[in-house]
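All remarks here apply to the structure that follows.
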Amino acid sequence: MSNGRVSLKKIVKRHGAFTALHGIDLDIEPGEFFALLGPSGSGKTTTLRIVAGLEEASEGRVFLDSTDITNTEPGDRDVAMVFQSYALYPHMNVRQNIAFPMRMVGMPKGEIDAAVQDAAKKVHIEHLLDRKPGQLSGGQQQRCALARAIVRKPRLFLLDEPLSNLDAKLRLETRGELKKLQRSLGVTTIYVTHDQEEAMTIADRMAVFMDGQIVQVGSPKFVFDNPATADVANFIGSPPMNLIPASYADGRIRIGAHELQTSCRVGGERNVIAGIRPSSVRIGPSGIPARIDLIENLGDALLLDLSLDQMTIRARTGTEVTSREGESVFFSADPTAVHLFDAVTRVRIND
Amino acid sequence: MQTPVAARERRFAIYLFLPAFLVLLVTTTVPLIYLAWTSVNRVDLTSPWIKGFAGADNYSKMLGDPRFWNSLELTVIYTGTTVVLQMLIGLGLALLVLQIPRGQGILRVAAIIPIVLAPVVVGLFWRTLVLAPDFGVLDFVMRALGFGSHDWLGDPNLALASVIVIHTWQWTPFAFLVILASLSSLPPDIFEAARIDRASSVQRFWYITLPLIRPALVIVVIMRMMVALSAFAAIFAATGGGPGSATEILNLYTYRTSFTELNFGYGAALAMVLLAVTLLVSYSMFRLRTAR
Amino acid sequence: MKRSGIATASLLGVAGVFLTLWTFPVLWALLTSFKSERDVLAYPPTLIFTPTLGNYRDVLFGATTILPNLISSFVVATFTTVLTMLLAIPAAYALARLNLPGKRAGGFYILATQMLPPVGLIIPYFLFLQKIGWLDSYKGMTLIYLTFSLPFAIWLLVSYFEDIPREMEEAALIDRAGRMRAFLYVVLPQVRGGIAVTVIFVFLNAWNEFLFAVVLGGNNVRQVTVAMFNFISVEQTLWAKLAAAAIVTMAPVILLGLFAQRHIVKGLTVGAVKGGGRR
């Protein structure tokens, strides 16, 4: 039994003239909880399905533990998958659903029963084994699908937005359980989601997809702190990072007629995009003057829309700010919290 | 360029599809070729000594055959009127039934009955129990209303109308059911929105209902035309194509030529014309369907 | 919106007229089938008479029995249904789901075979079956019945297969079922309803068929739609017996039709819904 290292080499996927994936390279370590994150239509599901063998790459190779599985049938890959719709077999009860992957390889009945019990217990549905999927709630169906995946102890779990059909509260609970389950099983897991918060909280590492390309790979914290492009910066974090057209010279950023300090040092003068997270915006007695357009009270924090030369800059502040809508304030930013991106390529400049 | 996985799926698909395909090839396409071949030969079982290749003779004979032109005309009239009647009655009734508070279900169930009956039995029903002079119900009603008794199927002036009525009776429920299903599936809120936008009921029908159910209407027209073009059993049972050739649509003429007069060569040529008409109609219908 | 009582009443009136119109011939035949031949000829038609089961006895077991014909019809319809389903189910699955080479053309071909006029098909069949001595045989009759039942069944089943989420099979593939078992264990059980409806329609159409039956049949294979003419001759019509025979013949299809009522619109429109070479 090997350990589940996944490698994608130059995966290209075309649908006629449309290219869904433009050469994906990815290495996933054994036992990792790995998220594929990106906006809708960026190619995450396609990538997952190519790993599963449900779709074929137009070019490139897929490896699982140094075996080339590019041309292997899905059933021979030793992977299990939880579908977004769960894809439970409606004519079988929960027990038969979970048993199905083992019946298919002719495992003795006694072993199947034991494995089904075990898997059902892990996801807390042992009392539901005789129900049909149609008689289960959404959360229970999700668990049933999960049990069907873990029962066979595969080398690899593939999960395509498994929480997106649950309501918000259940989603939070299940997220935590999923993470614990994965830890205890130690099986490499690839997890597709478009929800950046979900990826941030659940994944050991993640790959950010944009338009059929991977733009960044790293731990959630690293990607959050060092977004590789302005678009990644915009996608990750909520509310999104402020992206302000500016020019840079000597540790100073000029925004229109105003200036901000940055700890970042690059040579020469150039046009940049300055990225400042709303939580790094400081309201104070000095800085750049701006007008408050809107205040949203989140209870424990305030979200301010500041307008500056036709631009809107969002700030997340403590509730101690007493200014009102329509008033003018000054804002600044911590010099170490300013991200710089190239104005043309939108690629990160600082370190 | 094929990968092994794709190749395996294709092979599996071919294994599943091939038996049905081969059977259809043997049971429909080969006979069609044989039919085309027969149509350019002399195959007349009443004079079996005259045999052999006839070229286009059977087809040129048609040009001067008044019975052929009559049957072609009857086919057009029969198909056209039955389809129009079914559509108008079916649509009207469906619109009306949607308004009635209860009893829709019963009508839906009743509509199934004519559809599932064998056309030949329908033809016999009408010929005997409904239309027979003196004994038929319709004849009785007409007499009671003072219109007098008529030989509905035996009078050359009435026979065509009678078989058209029979066909319309049997198949209007089809149009009704499909249109009703289509109408019931329309979301009610668009009609409410239209009413708030001050559309009158006529305007709502014309600008909202009709465009929305147009696909269903086109489907019904196509299917009804196809069935009308291959109508046979009901007319055969009711009139046999007669009196004379008053109800002898192309189907009946082809049948009589082949199996009464045993002139298979000419019958095959007539069948080829029928096929051409069917293809022409379905082609133009599919154009209509894909248009806009 | 409130409607006046008169408007509602007239709507109900029209609906009632059609209700009567569609059910009347069958009900009238039912009534007639219980009359003696003498009561049938009474003028005006009478609703009050001494009912008799004599017609049914004659039609089923008497001199004018149609029992052998019912058996012929049943055998032909059953053969046709079984063969059709065996061929159509796999073919429909390949068309609906799998990456079949030439899928578009294949689908269109099946659609096109439905357009052949039956009167045209019957000519080569007659000539050929006569040559090989298959006239008046169950094999010959079943063969030509496939020409209308097979394309119809394939298209109807395609629409049912298409309703099944693709992820169902994908899950089965990942669960190591392989294509064949994914088809047999996961897909087929989910189209049971569609298969049942298709069986009903195929059987019904085969049972009701007349043209092929009258031309290719004989003393051996003589379906009930043909035998119906036994009761009508130039000299006399046996009204009540005809009515009884028709009731016996049509009762099964009416029951089947009512049973499949909910699915009938789908079944009736399938050819055209899928038409126009959409795929």
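By written order: A, B and C. Residues from 1 in each chain.
Heads up, the rule we're going with is that contacts are C-beta pairs under 8 Å (C-beta built on N, C-alpha and C of every residue); 3 or more make two chains touch, one makes a residue touch a chain.
Bear in mind that the values here come from a model prediction, so they are computed numbers and not experimental data.
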Result of counting contacting C-beta pairs for A-B and A-C, higher pair: A-C
Of all other chains, the one whose Cα centre sits farthest from chain B: A
Between chain B and chain C, centroid-to-centroid distance (C-alpha), Å: 16
Where chain A and chain C are represented by their mean Cα positions, the distance between them in whole Å: 55
Chain A and chain B, separation of their C-alpha mean positions in angstrom: 58
Where chain A touches two or more other chains, by residue: 53, 73
Multi-partner residues of chain B (at least 2 other chains): 6, 8
Chain C residues touching chain A - in the complex, by the definition given at the top: 165, 167-168, 170-178, 181, 185-186, 189-190
For the chain A and chain B complex, residues of the former touching the latter: 53, 56, 70-73
Complex contact set, residues of chain C against chain B: 3, 8, 11-12, 14-15, 18-19, 21-26, 28-29, 32, 40-41, 43-45, 87-88, 90-91, 93-95, 98-101, 106, 109-110, 113-128, 143-144, 146-147, 150-151, 154, 179-180, 183, 204, 207-211, 215, 225, 228-229, 232, 237, 239, 242-243, 246, 249-250, 253-254, 256-258, 261, 264-265, 268-269, 271-273, 275-277
Complex interface listing, chain B residues touching chain A: 3-6, 8
Chain C contact footprint on chain B (complex, rising order): 6, 8-10, 12-17, 19-21, 23-24, 27-29, 31-32, 34-35, 38, 43, 93, 96-97, 99-101, 103, 106-122, 124-130, 132, 134-135, 137, 140, 144, 169, 173-174, 177-178, 181, 219-220, 222-223, 226, 229-230, 232-233, 236-237, 251, 254-255, 258-259, 264, 267-268, 271-272, 274-275, 278-279, 282, 286, 289-290
